[in-house]
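Just so it is clear, A, B, C, D and E label the chains in written order, and each chain counts residues from 1 on its own.
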Amino acid sequence: MNAFKRKKNWYSSDRVMPKVLLGFSLISILTTFAIVFILLKESITFFSSVSVYDFFTGLKWEPLFAEPKFGVVPLILGTVMITFFSSIVALPVGLGSAIYLSEYAPDRVRTIVKPILEILAGIPTIVYGFFALTFVTPILQKIIPSTEVFNALSASIVVGIMIIPMISSLSEDAMMAVPRALRNGAYAVGSTKLEVAIKVVVPAALSGIIASFVLGLSRAVGETMIVALAAGLQPRISFNPLESIETLTAYIVQVSAGDIQYGSVEYLSIYAVGITLFAITLGMNLLANYISSKFREDYGG
Amino acid sequence: MKNFELQHIQRRKRSNRIMHILFLFSTMIGIVTLGILLVQIIAKGSGWISLDFFTHFSSRFPEKSGIKAAFFGTLWLMLITAPLTFIIGVSTAIYLEEYAKNTWLSRFIQTNISNLAGVPSVVYGLLGLTIFVRLFDLGRSLISGALTMTLLVLPVIIVAARESLKAVPNHQRNASLALGANPWQTILRVVLPSAMPGILTGSILSLSRAIGETAPLIVVGAASYIAFVPNSLFSDFTAMPIQIYSWAGRPEESFGQLAAAGIIVLLIMLLGMNLIAIMLRNKYQRS
Amino acid sequence: GSSSDSSNGSLSGTIRVDGSSTVFPISQAIAEEFMAKNSGVQVTVGESGTGGGFKKLIAGEIEIADASREIKKPKDGIASEAGKETELELLQAKGEEPLSFPIAFDGITLVINKKNTFATEMTVDELKKIWQKDSTVKNWSDVRAGWPNEEIKLYGPGTASGTFDFFTKAINGVEKESRADYTQSEDDNVLVKGVQGDEFSLGYFGFAYYEENKDKLTAVKVKLDDATAAVEPSIDSIKSGAYKPLSRKLFVYTTKNALKKPEVKAFLQYYNSPDAQKLIDFVKSIHLPAEDYEANLKLLQ
Amino acid sequence: MIDIQSLDLFYGEFHALKNVSMFLPEKSITAFIGPSGCGKSTLLRTLNRMNDMIKTVKIKGTVTIHGNNIYEPEVNVELLRKRVGMVFQQPNPFPKSIYDNVAYGPRIHGTKKKSELDDIVEKSLRDAALWDEVKGDLKKSAYGLSGGQQQRLCIARALAVNPEVLLMDEPTSALDPISTLKIEELIQQLKEKYTIVIVTHNMQQAGRVSDQTAFFLNGEMVEFSETDTIFSNPVDQRTEDYVTGRFG
Amino acid sequence: MIDIQSLDLFYGEFHALKNVSMFLPEKSITAFIGPSGCGKSTLLRTLNRMNDMIKTVKIKGTVTIHGNNIYEPEVNVELLRKRVGMVFQQPNPFPKSIYDNVAYGPRIHGTKKKSELDDIVEKSLRDAALWDEVKGDLKKSAYGLSGGQQQRLCIARALAVNPEVLLMDEPTSALDPISTLKIEELIQQLKEKYTIVIVTHNMQQAGRVSDQTAFFLNGEMVEFSETDTIFSNPVDQRTEDYVTGRFG
C-alpha cells in the first residue's frame, strides 16, 4: 500500500470546487445558446419571407416603409463606422491614461483619479446620448459647418469616451501587475519612463491590455442608446462620419420600443439583425484571439 | 561624454516629457468630460433634490415627483446582481485560468464570454424575457431583472478577473503548493488575494454598467410608473435609469430637470456602491 | 354612477398597464389619482411601445394596453397564415376578446423654425408633395413658388412609431409610404431641438411636444385644400375636429377576462369619467367629446 | 529512503535528465552540484512533484520514498509535499505579513489555535535564524525584508509544516556568511530528524554539510558517492576537474 | 572618482544608512560586505539613484562622480544610469528574447544598425560567459533559461550599454563556480576600463576580486580599507569577528 495514496473525500473542497466552478463557467455557454436560439428561431421565420441572399447583399434598409427593403449592408456599415471611430478615440486615450496612471502618476493621484474615471462607466447611456447631441455635435458643427444634427462622429466620440474607463482601468491593472524588478532592470540601463512604459511594461502587460481593448470594442459594437440618439436612424451607405447613419443596435432598439406589431416581418427583422450583429462580434473576437495569441508575452515565471 | 550621446538623451527626455503631457492629457479627457457632464447635470437637476425627492413616488406633477420606487428598485437590483455577478464571474475566471486545460471546452467557453460582451443590451432583454419571465415563470419581477442584468455584465468581470489571475506570478503558487496546499487552498489564500485589485476593478466596471442600463429592463417588463416599493424578489419594480429615461422623454422642461436630478442620485448611488470596492482595491494594491 | 364605483376604497389587487409612450403620461396621471382614491390597488404603467403593450396583453402579463393605434386585424377579415397572425388573431387564439376604448386625441403637429415666416400655412397637397415617396422636393421653392430657394431640412419620428404610420396615411394616403431621406428620431425632444436649430427645417411630432415648446417653434397651419381655411393645431381645434387630417385617437385596450377583475373595471370606469378628462388635458393630450366616454362606459357594463 | 530509478525528464523535446538513478538514505544530507543548467533544480523538483506544474514536462522512471512510488497515479501530492518540503532558489514569500507567511502551511494543514500557531511561527523563525531580526514586528509585510531575510523567511515557512524531507535549492545563495553558517548548522541539526537534499554552487558548503554528493553534467549524473570521496578522490575525470575548478 | 560624503538614507522612519563617507577611485574594484540587512544593496542603489524609485526614501549628504553631485536637482538620471550600470541581486530579464534583452539598452540609446547590434549582443554575451550556451537560439525567450543563465544574461544586458561604473549586487550568488569564476575573471578584466562596486556575501570572492572592501553593520560603515587589510588586519573588532566568521 502506497502511503502517499490517501484518498480524498468526494466532498473535499479540492474535488468539489473545480466542478462547481466549471458549473458556473457553463452559464456563459448556456447564455450564448439561449441567445442564439432565441435569435435564430425568430430569424428563421423572418428568412422565410426575406431571402438570406437579399438580406446580406441588399444595399437598402427600408424595412418599415410601405414597400419594405431588407438589405442589411447599410446597418453593418453604420456599426463598423461607429466602432472604428470610437476605437480611434478610446484606444489611444484609454491606453494613454492607463500608462499615465500606472507609470507617471503619484500613488495618491492614481487612487483618486482611477475611481473618478470609472464613474464614466456608470453614467446612463441616454445621458451620453444627449451629451453627444447637445454638446459634442454643436462643437463639431462650429468646426465643420456641414456636420448634420445627427452624425456618426459625435456618437463615436461619446461612445469612445464611455469605454475609456474600461480600457484605462483594466489596462492599468495589468500594467500594475508587471513586476517591479522588470522596471528596475530597464531603469538601470538608463531608460526614460516613457521607454520603460512602452518597451517593457506595455509588452509585458499586453495580454491584459488586449483583453481590455476587446471588451471596450465589444461594448462599442453593442452600444445602443448613444447611437440611437446621436447618430440618427438613417440607414445609408456612407463613409462620411459627419452624416447621419443607423447601426444594427439602433435599429433593434428603435423597433423593440416602437409601435410595430409583434410577430410581423418588420418586427422579426430585429432578430435577423441581432444574429448579424452576433456574427460580427464573433468574427471580431476570433480575430482578437488570433492577434493576442501572436503577440502575447508571458512573464509568469 | 560624447556630445551626440548627450543630445540623444536630451531628445529622449524630451519625448518622455511630451508623452508625459499627452498621457496626462488623455487622462484629463475623461475627467474633463465627466466634469462637463456633471456641471450640466447638476446645473439642471440639483434644484430638484430634496428630501421629498426621495420620499415621493413619480407623479404627473413634476414638483410632487420623487424617485422612491426607482431608488429602492435599483438598490434591490444591485443587492441581488452584485453578489451573483461576483460569485459567478470570479468562479468562471478561476475555472478558466486555474483549472481548465487548454481543451476545446475551455476555448469554447472563452470565445463565448468575449462574444457575449458585444451582444447589445436589448438582446439580453429579449433573453431575460424569454428565459426568466416566460420559461422560468418568474414574471416581470425584480429577480427576472436582476438575473438578466447579471448575465449582461458577467463578461466584463470574467475578463477582468481572468487577466488579473493571469498576472499573479507563478512563484507564489509554487510556494503554496510546495507546502502541501491543494490547488483550491492555493487559489483561495494566495492567488485570489493577489488578484483582488483587478477583480475589484472588474466588479466596479460591471456593476457600473448594470446600474445605468435601461433597455434590457424595459424589455423584461419593468414599468416606468410604479408607486410602491418592492417587497420581495417577485415584486414588480422600476429602476433609476428607467425613471430617468421616462422623465427625459417627457415634453415638459421640468421633467427634464427631474431626470437630471435622478442622474445625480444615480451617480451618488454608483459611487456609494463602488466605494467599498475602491477602498478594498486600494488596500490590496498597497500590500 | 361610475365615479362612485371607482372611488370604492375596498378594492384591492394589481393592475398592470403597458404600451405606447404617447399614452403613458395619461395612464400615469389616471393611475396616480385612481390609487389616491383606492389605496388597496396598485397600478403600474410601463412604456414599451404599442406593439410591446399588445404583446404583453396577449401573453396575459398585463391587464391594460396603451395604444397609439388600433389593434392589428387581418386585412379583409381573411385569416393570416400560421406564424404571421395579427395581434387580434393571436389574442383570439388565446380565447380572449379585446375591448377597445378611445380615450384621447393627439394632434400631430407640423413645426417650423421661429425664423421661418413664410411657411406658416400649408395645404395637404403641398405636404404630400414634400413627404411622399420619392419626392423630388429639395428646396422650399419647389413647394410653392415664391418661397426661398433654400434646402428643406426634414425632421420626423422613427419609422417604427405609430405617429409615422398615422402621418403617412393621412398625408400620403398610404400607411408607411414616405420619403426616406429625412432626419429621424424616436425621441420627440430631439426633433424639437433639431427644428429649433435649423432655420429652413420642417418637422412633425406629437402635439404635446409642440404645446410645451411653443416659444421655440412655430406650428404650421394646415388646410385640407385651397378652399378651406387653414387651421392651427390647438386644444380647441383638435377637440372640435377642425384640425384635419392630422388628429388621431389614442386608445386603451383590455380583454374580456381581465375586465372580470373588479379593480380593472373600476380603473377603466375612472379612465372614462369626467375627472379623468381633466387629467388628460393636464398632460397636454386632448380629451374626446363626452359621447365617446359615455360609449366607453356603456361598453364596460 | 528516497530511491530514484532510471529517471528521464523532458521539457517538451529537451532531454533535461538522463537516466538518473540514486538512493538517498534516511536522515542523510545529499548535495547536488554541477554547472548551471545541468539539471540540479529539475531533479530536486521531481522529488516533491513540483514539476507537475510545468505543462511540457514528461517523466519516465520511478521515484520511491519509503518504498512508495510517488509517481503512481493516485498519489496525493499535497500529502507528499507536506512531507517533502521545499525551499526555492529565489526567495518567494507571499505578499502577506511575516507571521502569515510562516503560519500559512500550518493553517493549511489544519492548525487553527492562535497560541499553537504563535509557537510554530516563533520556533520556525528561530530555526531559520530570522527571529531576532523580525520579532519586533511580525505584522510587517514580507516584501519589506532584504533579500537574505526573505530567503530565511522562506526556510522558516518550509520548516513550519514539519516535513520529513527538506529540499533546498541553493538556499544560502542570497545569504550573508553568518546567516549561511546558521543555516548550515540548522541543516546539520535537522539531519537528526529529516532527510535533506541541497543544491549548491558552493563546494565548501557541499563539503561542510553533506554526507554524499552527486555531480551532474548536462542532465547526466556523472558521479554519486560519499562527499569526501567526491572532493578528494573522484572516480570521473570530469568530477575532478569540476571540484578543483579546472573545468571549462 | 565616486565620492560619498556623509550619506544618510531613510526608508520612511527607518534609518538604513548612517553617515556613510567613502571614496572609490577610478578603475578600482570595491566590495561591500556585511550581514544581511545591513544596507549594502541600499548603498549600492544610491550610486545610480535607483532609490528614486522607492517613494519613501529620503537622502541626505552627497554622492559625486567625477566631481558632479549626482543628487543635484538637474541631474540627467538616464545619462547617469547609462554610465553607472547595475546588475541586481535577483535576475530580472525582460519577457523578451535573449537577443532583445541584450539589445534593449543599445537600442534605447540610439543604436539602430542590425549589424552593430549583433556585434554588441555577441560581445556582451561573451563577456558575460553566456555566449556558448545560447548562441544557437538567440530568439528563445529569456524565461526559458536557468536561474544562473538568467543572471549572466542580466550582466550581459548591463555591459551592452558600455558603462563606466558597474554596480553588482551579489551578481554570482545564483551562479555555479565555473560561471562565478568566469564572472570574476570578467570583473578583473573590466577593471581596466571600468570602476566596479560589488556586493557579496562571499568573503573569498571579495578577497579574490576587490581592491578595497567596506564592511557594514546596521547601516553604518564600520571599516573601509584595502581588501588585504580588512581580511588580514582589520582595525575594528567587529570586522575581525565578521570576516573570521566568529560573529553573532
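Please note the rule applied: contacts are C-beta pairs under 8 Å (C-beta built on N, C-alpha and C of every residue); 3 or more make two chains touch, one makes a residue touch a chain.
Keep in mind that what you see is a predicted model, and the values were worked out from it rather than measured.
Taken together, subunit A and subunit D share the touching chains B, E.
Of all chain pairs, the one joined by the greatest number of contacting C-beta pairs is A-B. Once the centre of each chain is set as its mean CA position, subunit D and subunit E turn out to be 28 Å apart.
Subunit A and subunit C, compared by their mean Cα positions, are separated by 37 Å.
Note: centroid distance subunit A to subunit E, computed from Cα atoms, is 47 Å.
With centres taken as mean Cα positions, subunit D sits 82 Å from subunit C. Residues of subunit E in contact with at least two other chains: 78-79, 82-83, 90, 108-109. The multi-chain contact residues of subunit B, meaning those touching 2 or more other chains, are 9, 12-13, 170-171, 182, 185, 218-219, 248.
Multi-chain contact residues of subunit A (touching two or more other chains) are listed as 14, 179, 190, 192, 195, 256-257, 299, 301.
In this structure, the chains touch in the following pairs: A-B, A-C, A-D, A-E, B-C, B-D, B-E, D-E. Those residues of subunit D whose C-beta lies close enough to touch subunit B in the complex are 48, 50, 53, 78-83, 85-86, 88, 90, 92-96, 104-105, 107-109, 141, 143, 154, 157-158, 161. By the touch criterion stated above, subunit A contacts subunit C in their complex at residues 45, 48, 62-67, 133-134, 148-150, 228-229, 232-234, 244, 254-267.
Residues 9, 12-13, 15-16, 19-20, 22-27, 29-31, 33-34, 36-37, 40-41, 87-88, 91-92, 94-96, 99-100, 108-127, 130-131, 151, 154-156, 158-160, 162-164, 166-171, 182-185, 197-198, 201-202, 204-205, 207-209, 211-215, 218-219, 240-241, 244-245, 248, 263, 266-267, 270-271, 274, 278, 282, 285 of subunit B are the ones touching subunit A in the complex. Remark: subunit B residues 1, 5-6, 8-10, 12-13 touch subunit E in the complex. For subunit B in complex with subunit C, the touching residues are 58-60, 133-134, 139-140, 218-219, 221-228, 236, 238, 246, 248-253, 256.
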